[in-house]
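Take a look at the structures listed below.
Shared between the two complexes below is chain A, which pairs with chain B and chain C, respectively.
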Partner chain A sequence: MRNIGSLVLTILIATSASAQDTGQQATTNGSSNNQSDKGKWGEVHGNVQFDTQIYNPDTAIGAPPVPEKLLMNGFTNLIYTKGKFTVGIRYENYLNVIQGFDQRYKGQGIAYRFASFDTDFLSITVGNFYDQFGSGMVLRTYVEPGLGFDNSIDGARVKAHVLGGVYVKGVIGKQRTFFDVGPGIVRGIDGEIVLNETFKKLADSKTRFSLGGSFVSRYQEDDDPDFELPENVSAWAARFNLTSGKFGLNGEYASKINDPQASNTFLYEGVLRKNYSPGNAVLLNATFATEGLGVILSAKRTQNMDFRSDRYASGFNLNINYLPALTKQHTYLLAASLYPYATQPNGEWAVQGEVSYQIKRGSKLGGKYGTYINVNYSHAFGLDTVVNAAKSGLDASFFGHGSLYFRDINVEISRKFTKEFKAAVKYFNITYNKDVVQGLVGYGTINAHIAVVDLTYKIKPKHALRLELQGLFTGQDDGSWAVAILEYTWSPHFFVAVLDQWNYGNPKEKKQLHYPYIQVGYTHNASRITLSYGRQRAGIFCVGGICRNVPASNGVSLSITTSF
Partner chain B sequence: MRKALFLAALAVTSQFAQAQIAKKDWAFPSVALKDMEGRPFNTADIKNDGKPVIVSFWATWCKPCILELNNIADVYADWEKETGVKVIAVSIDDSRNSSKVAPLVSSKGWKYQVLLDENSDLRRAMNVNNVPHTFLLNGNMEVVYQHTSYSEGDEEHLYEEVKKTLKK
Partner chain C sequence: MKKNRILILAVALLATGGCDIVEPPKYGCTDPIADNFNPEADHDDGSCIYDPSLFKGCTDSTAANYDPQALVSNCHCIYDNVRKILVEDYTGHTCGNCPRAAEVLHELECEWGDRVVPLAVHVGFFAIPEPPMYASDYRTTFGTDWNLNFGNSAAGLPNGMVNRTPDGGNYIRSYTAWAALTANFLALPAEANMTLTNTYSEATRTVNVVVDINVLANLGNGPYKLNVVVSEDSIVGYQKDYDPNLVDENLPDYVHMHMLRTSLTGSWGADVNSGANLTSGSNLTQSFSIVLDEAWVDHNCNIVAWLARDDNKSVIQAEYRPVIAE
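And now, the complex of A and B:
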């Protein structure tokens, strides 16, 4: 891995040196002409993010003492571009990694480096890269630093745009795992044909149609003395996308051969067995979109579709594919962090429907500025699985279903009353199978009602005050919660927010605690500094659809981000 | 080996110091995205007849992003008339939510050009840490201003920057 690193760096030096040469020439030819310098010098851009926290032990909320007292996560990206040529590196340091992240991240180093060459026809990348085939159900590599998730492939990628609307790409490499790479080799090809580009007759058609297919294979040596395990595990997928005026329909089917691994073992007659069943997944989305109205209906079925480049890996580690959850991603604190759902890769059925409607401005119901209504329903349940002892696997009928995993009904109404004042109210009813979703025992299925009131008042054109009140009502789990947030923003630089979460309904009186928190921030163009102090509740923190458990903490945290 | 790497990195950094680091006007990168109809769209093809362009990174699950795009939508017709500026809303929703983009955009009545950056390729090329993050491109499609996060009233500051690009 290091050898490739130094190779990339050598290329970097050589290129930037030559960039400098031509740059100097340009300068002697007349540095006043900024325009002519541009392509010759090349450009460097990047970003930086630091998150630091100082921890106070707080036995009441269960925040343990942290030996280092101060923990920090940080990274810096540098990307150099000169015409069709791009090189980039990311230096990461986790000294030591903030609580709630995978502790295996401890360390520092260059965790990402690449060189790429792009033309209209061909694009070649060596080193680390992120890519996605279709909806990602057989391959998706991406990075989400806020969650400590990075499954980049370290290897090579070729993308070609063949004439006639045909797009092809191929990838090979090993995946990142913390500051190392995993044992398996991932190979994949993907093709897509956009029929409106292929057939000139369809070029201006209102109906757009494309088809795609992918094949991915993982090689990992079978080092198990007792079991015969497949060394080459292949997966494939086929997809389509159709839009016609206001209507849209897209879908993908994915399949994987048998792949006994740590995450799909099953208990039979008191013994944990290897699972030799194949896997499959199907996803379908239908949409209708017209001015003032949007509708989406989705369905997904997943069976034994966890796919990793190390059969012994678990958690957010060495995932090759991505199985999107068909539930609404909430933003209000209690709905987002207490009972969020994540796809169960071993088996689930999920359906979702959502309607968004804008009542016209100026109408009697809509008011002067219009009123917006959003209704969402999502439902996920298990498969009806039966043990197939002869094959050492699990069978499930296609339409059969097992226990309820998650259900969410939510309604939001928002309205701008005057130029200065707007309000939103939202109600949720969430049913959450805590045992299944969080992999625990004895918590059962929780039903909770959540209500939110969100009021914004513009004091002056650049000054705004926002008050948010939330309540979560349940007699189960930790009981009911109340939240109040008051936020003052002074555009374009300052904000201050005070927040209190109160677990007033906790069945244990000692745990009926307040979690006060204050945050101040300063933003200047693409840089932002935020300083916070207070108690943070143990909970689930989600970004872009995946979530991690965050332990309770008490202390000061400082976060700095900038892009340049 | 570590030392060699470090020295190499130092050498590179010093070379870069003489190249154009984060200079004010920089060319918008070329990244292959898709529009809401699934049509391939390369960001090198972003143009607006010599007029400025606002590129706003957002997501369906990001409240301040939607607030920003709603507030700009209220004044967008005036902005277009006065300056010819065009807004491109780049959604970073992944495959969990990307199908929800078109229904959301049309229900809100937004008139923006919308692009889907399903695996954050443009987001990484533009070094965007978090959404919302907004870029302003001048008539030559060079980035002249960028802003992260959104507070009520930020659009007024952005519009001042739009007008500045016309004076040059």
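And now, the complex of A and C:
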């Protein structure tokens, strides 16, 4: 029920390159597999989302006048299933594009359509589709409307269950870019063998083991008059997944051949040079889970792994692969939106550890309803790269590391005290290299402490009041912030929330501003209408040296979502 | 059934292409007459150092101003009766990665002479004046209109457009793509020739511009618009530059080139041929006039013109000439 946070974040998360999360992945055609034939005429389902904002100029926060005054993003998914067949479309409209999203979406049209046919052995899709090989380090396509991200492949996909425990899929197509497709052709094949299914002896084993491998190649014509550029750029990956009782271990190694492109150029002796180095990435995750206790340890090293179906693309455009960020995605406003981390595809070492523990109900420490503790630590730093002028590229030793990019230590304790009252406290210590993450110079590395208190009180059945107090404390950058949110929910239909963000510690006195916001919502079954009014902060949104500004805004917004 | 499976595997394998590992370029000075000529280099990095006594001029024998005496290129060749394209650099003075795009544009000018018609348009967040250092306002209402229409600053600066030609509705091109696009466009024959004749009165600071267009092909998809704007070179002012070798990223003496100052024809150009399609062989002449702003250095000002389709704004032919003939 963190409603207000989520809506404010709709725009603000757009400032977070790290938020390439997968919430909406394959919500459209992925769900088709489980559809049963519900009668002679098949079945139609889908969902709709409309986000509209009316803008007022606000010189205090630097919100510019918007010529259209009203902007709207919307999409509608419509899926028809009959037996083994599924067809679907998504109509999108950006009239005009809401601020903070890429203006190249301006317009409307059918941005996604597909037809698929499923049997036990084969699954064939033509048109647009979303897919992922392994952890996604060589191929992952997904849609995230909140970020204005969609890199679906428009082409064909065949999935086959070849033998017991052997799964193969092949994809070919071009990727979506706004209302068109990119110039490169993506070809990929992925195979996975689940040993417990292949070998009968292992069928009942508590130890589950699978191996997988992928190969992806992109073709794009070399039209550069001055350089010889690889037209077929290939990447491959190998992975394993082992679970045994409470333990789990999985890992993947990926590699890519030389791929000089817009995002990996480097400046050497005053000349911008194309980078002909190969790339690679390795990811390792270990987990332990038992009743009440969970432990996760992860490590990742990435070097020159930005992979796109257009070598000239930048920003969130035409990415073929996805490099997971080994940092916790926070949901509380200040922790989520001020200093969010983005994986640096050109080079990074990252480690993460997390322990969560549920203290038993009824124990002295756990109290009557139990207590939950979570400790998370993540750390990312650069590679120790040196220019290899002879090969026009960058070299880096495997274990060497460069400057700190990001560090986050956070602790959460939550407890339900009575039937009516529960509370959570959180502390975050975030160190953020603003220059590297946002592609800027001169801001340096910022250290901030964030504290959150989240209290929920059930006044009577169906009526709950929630108070959230947040503080971000730093003497750097824009200084300290305070946030207060008060939310009243009358389930299942109504909620109202008021929020204020106050930049009380801004070194510029004129910028010690309040950003008040009010939101009311009505929910009925699968439909929700929310109406909001207030100020939203500005932010800079940078990826790979390309930056765009998400202007501050002031106005009314209306959001409608429904599914059927 | 088994056959099917083998067939599918074979198709999947065939669909998956091979890979091209290529030799990286060897950067260095590729001009044999330079003092630091590197015979192993295959890509010039602009590092050539010349004996200052060597004569500079246009070294391309196909150019109208080819100078057989010239040994070193002055990056200033002028051509007649060929396709010329508009290359726009959308930029801002607080955009620290933008000098990289300006460098690419300069390289293109050196390589192609006046077949590349350069224009730098300061737009968006990074062009907002930020006193005390970044006090200048280089924005124009016309540049702002283009920026809103094409979405440049929202897509992230630096970026630009080559001949305003859309590829699937997308006009915006990374500066790393400009060289290839420029070569592709300039390989095409011209569809119209355009000449600019500027007459300037220093007393009144008035420029009279006569644009002559000679149409060489039957051009459908009308109407067409003629755009005439003023650009100014060599404006010295602050620019942010994220070159890691710099001690301070705020460069006080940065030389801004080709900066859009104003338009004589509004944001989207003046009517050509009363909105009718253009047919091969037709000659059109149009005149314009403007008084230069006091703040602009007249010797550094250029008239930039381009003929474009009105529907999708794509450029047919472009040209530029200094206000005061050299």
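Just so we're on the same page, the second predicted complex is superposed on the first by the 514 of 564 C-alpha atoms of A that agree within 3 Å, B and C clash if a C-alpha of one lies under 4 Å from a C-alpha of the other, contacts with A are read in each partner's own complex, and residues count from 1 in each chain.
Note that in this section contacts are C-beta pairs under 8 Å (C-beta built on N, C-alpha and C of every residue); 3 or more make two chains touch, one makes a residue touch a chain.
Keep in mind that what you see is a predicted model, and the values were worked out from it rather than measured.
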Fit or clash between chain C and chain B when superposed on chain A: fit
Partner chain(s) touched by A:441 [first = chain B, second = chain C, both, neither]: second
Partner chain in contact with A:189 - chain B first, chain C second, else both or neither: second
Partner chain(s) touched by A:464 [first = chain B, second = chain C, both, neither]: first
Touching partner for A:223 - first (chain B), second (chain C), both, neither: second
Which superposed partner A:45 touches (first chain B, second chain C, both, neither): first
Which superposed partner A:269 touches (first chain B, second chain C, both, neither): second
Per-residue contact with chain A, leading partner among chain C and chain B: B
First (chain B), second (chain C), both or neither touched by A:285: first
Contacts of A:177 with chain B and chain C, given as first, second, both or neither: second
Minimum C-alpha spacing, chains overlaid - chain B and chain C, in Å: 15
Common ground on chain A, meaning residues reached by chain C in one complex and by chain B in the other: 545
Complex contact set, residues of chain B against chain A: 1, 4-5, 8-9, 11-12, 15-16, 18-23, 25-27, 29-30, 36-40, 59-63, 74, 92, 94-97, 99-100, 102-109, 118-121, 124-130, 133, 145-149, 151-154, 156-157
Interface residues, chain C side, partner chain A - complex: 1, 5, 8-9, 11-13, 15-27, 43, 45-47, 95-97, 100, 103-104, 124-126, 148, 151, 153-159, 167-170, 172-174, 176-177, 179-181, 183-184, 240, 242-245, 249
Complex contact set, residues of chain A against chain B: 2, 5-6, 9-10, 12-13, 16-17, 19-20, 23, 34, 37-38, 41-47, 49, 77-81, 89, 110, 118, 130-132, 134-136, 140, 142-143, 145-146, 167, 194, 196-197, 208, 210, 241, 243, 246, 248, 250, 285, 287-296, 298, 322, 324-326, 329-331, 354, 356-358, 369, 372, 456, 458, 461-464, 489-492, 495, 521, 523, 525-528, 544-545, 561, 563-564
In the complex with chain C, residue positions of chain A that touch it: 67, 97, 101-104, 106-107, 121-122, 158, 160, 162, 168-170, 172, 177-181, 183, 187-189, 215-217, 219, 223-234, 257-258, 261-262, 265, 267, 269-274, 276, 311-315, 389-393, 439-442, 540-543, 545-549, 551
